[in-house]
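Next, two complexes with subunit A in common: one pairs it with subunit B, the other with subunit C.
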Partner chain A sequence: MQQVITESKKAFMTGNETAAWAALASGADVMFGYPITPQNEIMHYWTRLAPQYGRGFLQTEDEISAGFTVCGAVQSGKKAFTATAGPGNVLMQEPFGMAEGMRLPLLAIIQQRGGPSSGTVIYSQQEVALTTFGGNGEGWRIVYSTATHQEIYDYVIKGFNTAWKYRFPTFILGDGYQAKMREPLEMYDPETRGIKMVDTYPLIGLDGSITNAEREPQHLCNIYSLEEELYDVVLKNTAEYESISPEIVEYEERQCEDAEIIILSHGVVARAADDAVKALRAQGIKAGYFRPITLRPYPEKQLRAAIARSGAKKLLIAESAYGQFYRLTRQEIYGETIPMETLFMPGVGIIDYDIISKVKSIL
Partner chain B sequence: MQTVAPATPKSWYLPTKPHKFCPGCGHGIVLKALGDVIDELEIQDRTIFGCDIGCSLLSWDFFACDSTQTHHGRTTPVMVGIKRARPELITIGYMGDGGGYSIGSQHLLNAAVRNEKVTLILVNNTNYGMTGGQMAPTTLPGQKTETTPFGRDPELTGYPTKGPEFIAQLTPDSAYVARATVSKYNQLRRFIRNALRNQIEGNGFSFVEVLSTCPTNWRTNAQQTWHFLEDEMEHYFPVGELKNPFGKGGK
Partner chain C sequence: MALVKIALAGEGGQGVQSVAEIIAEAAYNEEKQTIYIPNFGLEQRGGVSIAFIQVSDERIGAPKFNKADVVIALSERAVGRTAHYSDENTLFVYDSGFKVDENDLPRQAKKIIGLPAIDTANKELHPRVFNIIIMGAVIGLTNIVDFEAAKKALENKLGYKFEKNPDLRELNFKALELGKQMAEESLKEGGQ
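And now, the complex of A and B:
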């Protein structure tokens, strides 16, 4: 496959453009997509860049089809992906469920917009519940919540590898702000950073002749006749998900050691939290910063440890949703007695000032 | 005692035989014809068979070909995804009238418009068999089903979907569109062969609707079943090729 980026280079671009370049650099073979704001430019850049590198694209009739065509393409052994947002993410829960049920290495980039319903086309963190636990399954998903364009680039590359290594559907959870704003980042070829791209392989359409008895036919299954059959599959996959979780979990922690209050946030809001912690520290208030990068699996042990180590009196959870990240966190660290304060600003941006004001009002 | 076994297509997967369809169901005939054609065209090693949810699902391990399952109505996009990713494979989507004409109709329609190089076989038995005999898009006017217990009233629920007719209108001349019936086996086999040949040659979209029987949900005996198929269904849904890039060809 033709190398996309020969030498590392600085770029100044939108998050959507970043995602398209990262998918190219990852060696993605084909994108299936359907227009919805704010992810459109991922398709726009992909459709211009992909033909130069012999990669494919299809604009499908809806998001359901985009998700299922990705399921088909990855079954046939090709690195395929899609991108969506909001109501499109709702529709894609059906194919995402197939990817969970059949352990398909699907990658989806989600650029969150306001909800419920059509909401806004702009920004939110309201697709946390949907992206982590949507569908009629058990949440066998790997969800990276990015905060910067550099992370969009890095985690799209990592996401393809996670998906193909572990065969759980993998999500890059961005948002409308990250999608549309421009900022600097460094683009690179993964191999030059020592990142080996995981080889893809087909689940159907295998080499070897069935008629010459070189191999057995592959009959892939996602519906079972007996309760016990499904029960065994669910227990097996759950056990596998849990066993690989420690390798996948990622988080950031800063200045929690002596913190009186830990500010917990994810995604782009973590940038405001980082600024807020610096400002509060400058004013003599001992604030700490904790950010899960993976929302699924959640860095539960690490957060519990940070709370215990700091002896913090309070946890402040800040999010651009009305408690989706809060509820996820609460279930993960059940039993912790630290009081949890909240800053919920559903569908609107959070800046350092919002967090600083909140901290001062509760300390 | 000597028994005479019926000829079995080589591409059938014998560990799953006898199959699990109800006595009198037409699926076995369609799958026999499809197996014969896979053998004849020698495509078993590169065929991907995808089945929908519903009675068609019972065919998921019917062939010694690679196969996959998906959700109700979604076989078409899964086959499209495979074909787009691996054009050298022969993709056969197998579905019922509910999966194709109702819940998956947007996929069928748009795959046809895009002239996707896949072959879809849709079995029309005028009802949802697996879920217990509800009204389908193809249920005939006056026909009783579990959700039209007094007969389908077109004033309330419209007229039966004529799939090949609308697909023929949506596709270019390189598409293959036909309606077959399990009552005419040789013709059924020929239509399926044409549909697969059209994909193999890379011409375009290939679609065969097959009129089929469902005595379990129709609550009919053998004679009534055949009467409903040949006299009522075939009257409402004309059998024949609506679009054939190969011309009239042989009989």
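And now, the complex of A and C:
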């Protein structure tokens, strides 16, 4: 495959453009998609770039189809991905569920917009519940919540590898702000950074005859005849998901050691939280910063440890949704007695000022 | 350089977003931390278009902001639409040719400035470079980018048009220069 980026280079572009370049640099073979704001430009840039590098694209009739075509492509051994948002993410839950059930290594980039329904075309963090636990399964998904364009680039590359190494559907959870804003980043070829891209391989149609016992049959099922069959599969996959989780979990923690209050946020809001912690510290208020990068699996042990180590009196959860990240966190750290305060600003941006004001009102 | 926050607002087709993009690219080319984000809601389809620009030497946090250092309203209705981005530290700029209801102007501003950008574009240059005059004004008011860097960014963006018609280059650079001067003059004048 033709090398896309020969030398590392700085760039100033939108998050959507970044995602398209990262998919190219990752060696993605094909994208399937259906237009929806604010992810459209991922498709636009991909369709512009893909032919130059011999990659494929198909616009399907809707998001359900886009998701299923990705499910099909990865079974043939193609590194395939899609991108969507809002109601499109709702429609894709059916194929994402299939990917969980059949352990298909698909990658989906989600640029959250306001909800419910068509909501706004702009921004939110309201697709957390949907992206982590959507579908009629147990949430065997890996979800990276990015905060910067550099992270979009880094985690698209990492996401393909995670998907193909562990064979769980993997998500890059961005938002409309990250999608549309321009900021600097560095683009690079993964191999030059010592990142080995995981080889893809066909999951079906393999060489060798099953009848002559030359190989084991491939059982890629999304439906079972017996309750007990499904039961065994769910237990096995759950155990596998749990066993790999410690390797996958990622988070950022700053200044929690002596913190009186820990500010918990994810995604683009973490940028405001980081600024808020700096400003509060400058004013003599001992604030700490904790940010899960993976929302699934959640850095539950690390957050519990940060709370214990700091002896913080309060946790403040800030999110551009009305409690989706809060509920996710609460279930993950069940049993902790630290009081949880909340700053819910559904569908609108959060700036450092909002967090600083909230902290001062509750300390 | 401390963080500078700019909100540019106008009607669709006035070139608000193009100018914002050129300014942001110029700042990026000067190795500054830069974020530019347009509003892109349904209001953009027939409403006021706003560009949010932030430039700093330090890493920049949230992509949007509540209060700007400079607000530039490029249409009459953009004035009322952007007044809430202004506080006691804000330079609030609009075109002196607008008929603006006093109630639409911000309650708080460091200074409210009327610039004859539309008139200057129409009489001295060409209506199409109105947005470039405004770009010059942004530079005059904030110094967020070096004047030469701004010219270079303009060249990068419009070079293909300049190649076809070198007079356009002259026209755009002149508009940039006039805008800058206009803004610098306005800062020297006392009061509003």
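Here is the rule we use: the second predicted complex is superposed on the first by the 350 of 363 C-alpha atoms of A that agree within 3 Å, B and C clash if a C-alpha of one lies under 4 Å from a C-alpha of the other, contacts with A are read in each partner's own complex, and residues count from 1 in each chain.
One rule holds for everything that comes next: a residue touches a chain if its C-beta (ideal position, glycine included) is under 8 Å from a C-beta of that chain, and two chains touch if they have at least 3 such contacts.
Keep in mind it's a predicted model, so treat the numbers as computed, not measured.
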{"item": "First (subunit B), second (subunit C), both or neither touched by A:H219", "value": "first"}
{"item": "Partner chain(s) touched by A:L104 [first = subunit B, second = subunit C, both, neither]", "value": "neither"}
{"item": "Which superposed partner A:A23 touches (first subunit B, second subunit C, both, neither)", "value": "neither"}
{"item": "First (subunit B), second (subunit C), both or neither touched by A:Y177", "value": "second"}
{"item": "Subunit A: partner with more touched residues, subunit B or subunit C", "value": "B"}
{"item": "Touching partner for A:T60 - first (subunit B), second (subunit C), both, neither", "value": "first"}
{"item": "Contacts of A:I350 with subunit B and subunit C, given as first, second, both or neither", "value": "second"}
{"item": "Touching partner for A:G72 - first (subunit B), second (subunit C), both, neither", "value": "first"}
{"item": "Sites on subunit B touched by subunit A in the complex", "value": "10, 13, 44-46, 48, 50, 53, 57, 60-61, 63-71, 74, 76-86, 89, 106-107, 109-110"}
{"item": "Complex interface listing, subunit A residues touching subunit C", "value": "12, 37-38, 120-122, 176-178, 180-184, 268-269, 271-272, 274-275, 349-353"}
{"item": "Sites on subunit C touched by subunit A in the complex", "value": "21, 24-25, 28, 33-42, 60-66"}
{"item": "Contacting residues of subunit A [partner subunit B, same complex]", "value": "29-30, 32, 56, 58, 60-62, 64-65, 68-73, 75-78, 80, 94-95, 97-98, 102, 202-206, 209-211, 217-223"}
